[in-house]
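After this come two complexes, each holding chain A, first together with chain B and then together with chain C.
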Partner chain A sequence: MKKYLEAMRCEFKFHLNYRLNLFFGVSYHPIILLVYYFLWTFIYRAGGSIGDYSLGGMLTYYLITGLLGMFVPIFAYYTMTENIKKGDLIFFLTRPLDFLGYYYFAILTGCLIWSMSAIIVSLPFILWWRNILIFPCINGMLKGLIFTIIAFNMALTLGFILNLLTFFIGDPFGISGFYDFLISLLGGWVLPLDVLPGFIQYLPFKYLYYIPARAFMNYPISLTKELLNAMLWLVFFFAVIRFMWIMGIKKYEAFGG
Partner chain B sequence: MKSVKYVVTLYILHFKQTSFFRLSFLMKLLSRMSHVLFYWVLFEIIYRNVQSIGSWSKAQVFMLLGTMGIVLNLSGSLMKNGAGGISGRVRYGYMDILFSRPLPGPVLLTFSTPDIVQLFSLILPMYLFIHGCRLSSIPCIINLVFWGIGVLLSIIIYILFNLLIGMVALKTVQFSSAFWVLEDLYQMGRFPADIFPIIFRYIFLTLIPVLTISNLPVLVLIKGPVYLLPLMGITVFFVCPNGILYPILRKSYQGVGTVR
Partner chain C sequence: MCYINVDGLKKCYRKEVRGDTLKDTIKSLFKREYKEIKALNDISFTVEKGEMVGIIGPNGAGKTTLLKILSGVLYPDEGNVTIDGFVPWERKETFLNRISFFMGQRGFLGVTVWDIPPVDGFRLIKEIYGIDEKSYRERVERFSEILNVKHLLKTPLRKLSLGERTKVELIASLLHLPEFILLDEPTIGMDVISQKRIWDFLKEYNNETGATILITSHYTRDLEELGKRIMVLHKGKILFDGEKKQLQEKVRGMREFRVRCRDRNVKLPVEVYRWEEDTAVFNVPDGEVKKIAFTIAGIDGVIDIHIEEPAFEDVIRRVFKEADNEEVS
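What follows is the complex of A and B.
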């Protein structure tokens, strides 16, 4: 465990070396929040509405999903793909350091730092919208945190699967834009899933943004059912990762010297 | 003429290079198109619940999304990371290679990294634009021609504005993060200008022309060629600082590394 803690420490130091970049990197969050604020205010003032969401509900939803967007690592790290492609994976295979374990802790640290930066840049918005935002009660906060942990793990497993595809098809990041679009749409980042066709709710992606956001907003969710479902999906994804790893290592040939 | 020949040759070479990676090409194509898909879905759902956003009907917003996609993809296919990559080139001393060529520096800075994938990904925004036109009523041919001129001016504005920001790196070296913010700001152009308060509208129509390059060509199409005038004005507005700043910043550039 000590070596993984060291990986976390290195990652922490690495990110804090480029502090200004960190804030520029989360610039999308305040910009899109501002645009959504103008868009939804304009629509709601003109008498429009989306689903059963109030203006405050809509803004709270986008604020939370925006923050989750900084915390859930749907791509994991591209360096995983690079390590496999360039043969650097052998450094992990010949040392007592698990490749996926190392990246799990490194990515966790990175995501914590990114989401902290996003929270800091969100503070002015939270203060500005304090009268219309829906703040979580203690129960909602607890549920939200549990589902956020699930969201992180689910996103990471998807990211691992994407990176492990390198064993079989070369660099899978060419499709990253489309993958991002699919996850954003099916996960509820574009719009709350209850205003989209119902079949999307049967997919696992709702646990990335939609369910945690609803939990934080104190909206009703069936806790036991959703937790059980999410766990089953996580077990399934872990099994897929394990299978890909075993198959990938079998056919893996490093080159170079 | 020499510059045009250079850009065309680069394009052809890049096309040849890309054709070696067919699967990668298809995957990138899909990825590039997803930016348009994202906002298409968003507005499709919004318009199921509202009749219009300000004075913008669903058809007009589709035209807007199509136009913005065309402007961004065409500009991106010409310059990809040209201006955004200046910072990296300064840092590693690659600018000397560009400055020692017998072509104007700004042309080399802008067009040295074309991206053929973005040219092919024009299909979706063009389809969306045509779909928008068909949903309203087919606009008159003259306005369509003026829209084309508007798109051309928007591309020039986009390139000039990016170059202006990118050139700062000749002095400051590290400036690539400004492009991250700029990329995010360009997403605003996919929304109708009506939703923004007046002060934001002024800023994003003049100083940071993210609304200009998308909204004005569509207004040319809907309301007539009078909206070409501000587009021309803003083009001139960005030509001047580029012309003045480039020689100054060019002089302040110092190469790093060794002479090859």
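What follows is the complex of A and C.
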């Protein structure tokens, strides 16, 4: 475990090395919140609600999913693909260091840094909207945190699956753009899933944004059922990753060296 | 039982074959052609513990493929390999703790700590292998002193020159004191002083630890410095496996002529192996040295004649040439 904590330390230093990168990486976040504010205040100008979302509920939803967007790595982490393509995977295979384990902790570090930074830049909006936002109660916070952890693992496993496709198709770059858009939509980042067709709720992507956001807001969700479902999906994805890794390594030709 | 046992190793790659016209590129969208390349073709050898073996061969000979199989990165198509009782591609933790695979131009630090100083990468290596703090500090101190990179350890890796990066990568590869080391072109792109430092370092490491070292290189100088035992690989086969002096026996009774000419247009009555600027280099049997020397001395345009033992790389070149001729016939 110490080696992975050390990997986190190196990743932490890397992220703080490029200050402008960090600044611009979160600077678009307030702009998106501002756009959502104008959009939804316009839509709600006649009052009322959309499903169980009032204006305050909708803005709370987007604030939370925006912050989750910084912690939940739905955008494919391309470095792993490059490692496999360029033959750099050799340096992991010849050491007692798990490639996927290394990237789990490296990506976790990046996500923690980005989400902390995003919380800081979101504070002005939280203060500005304090009278209409739905602040989570303790129960909501706990549920939200549990589902956030599940969301992180779900996104990471999906990302790993995408990266491991490199073993079989050479480069998943063409798929990655489609993948990023699709799970943003199906995960509830673009819109709350309540406004989309019901069958989407049977897919695992709702655990990326939609369920954690509703959990934080203490909106109705069937806690036991959703937890069980999420765990089953995670077990399934881990099995897929294991299978892809075993098959992929057997076919790996380590070109680039 | 030998430390390394390789028996009947075979490995093929499937490579796409494509023409270079636009029409070929579009055609490849619908139908692709492949050909099989035999990277290793029934290789067998053994290595004793503590041996240093140099492996030489032209591009595509199978050197790197061999090292990748010995390190467990690749699975062979056929054949068996054991290293100290371990099967490399099972990648057991005990085996991985004892080996190191060093590639000249790229390394673990380049992948993991490119933007930050090497010392952070060393700490990561320390935790990966569970090296205690005291031993870690001693080794970093000693290795960086020997390779003259102590002043660079806190500079971001991306800001180091190729030679400097190679040295810190070498330190990273040896911090855990591996007993089995694979070096793939360790001195590629380095200046002669840096090359010498690396040779001396590796020799010292081998003497002190008794590590078993396999080195591949294009540079015959690497092998002259490091390997008593040489393996010549060509098109996936071992053409020669033995001591350097046995290889030199192949050109026993030959002398190397180095004839400096006014320019390359000077006509010499022999087959020239290569030109080094305006110096023609070729080998002549002992019995004909006097005759050839007198003939060449009388040619207009010849400035200087130097006769010596054939260079090691000419020996290797001869081995490849013989193998190619055998294949053609």
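Quick notes on this structure:
Heads up, the rule we're going with is that the second predicted complex is superposed on the first by the 249 of 257 C-alpha atoms of A that agree within 3 Å, B and C clash if a C-alpha of one lies under 4 Å from a C-alpha of the other, contacts with A are read in each partner's own complex, and residues count from 1 in each chain.
Criterion: a contact is a pair of C-beta atoms (placed from the backbone, for glycine too) under 8 Å apart; a residue touches a chain by one contact, two chains touch by 3 or more.
Owing to the predicted nature of the structure, the values given are computational and were not obtained by experimental measurement.
In the superposed model, A:K3 lies in contact with chain C only, and not with chain B. By the touch criterion defined above, A:L191 lies against chain B but remains apart from chain C after alignment on the C-alpha atoms of chain A.
In the overlay built on the shared chain, the residue A:K250 is in contact with chain C alone; chain B does not reach it.
Residue contacts after overlaying the shared chain place A:V35 against chain B, while chain C stays out of touching range. Looking at the shared chain after the overlay, A:I90 reaches chain C, while chain B stays out of its contact range.
Contacts of A:G48 after superposition on the shared chain: chain B is touched, whereas chain C is not.
Look at A:P220: by the touch rule set out above, it reaches neither chain B nor chain C.
Residues of chain B touching chain A in their complex: 23-24, 27-28, 30-35, 37-38, 41-42, 45-46, 49-50, 53-54, 177-178, 180-181, 184-185, 187-188, 191, 194-197, 200.
Those residues of chain C that touch chain A in the shared complex are 13, 64, 68, 71-75, 91, 93, 96-97, 99-101, 103, 106-108, 110-113, 115-116, 120-121, 123-124, 126-130, 156, 184. Taken together, the chain A residues at the contact with chain B in this complex read 20-21, 24-25, 27-28, 31-32, 35, 38-39, 42-43, 46, 48-50, 169-172, 174-182, 184-185, 190-191, 195-196. The touching residues of chain A, when paired with chain C in their complex, are 2-3, 5-7, 9-10, 13-14, 17-18, 83, 87-91, 93-97, 102, 250, 252-254, 256-257.
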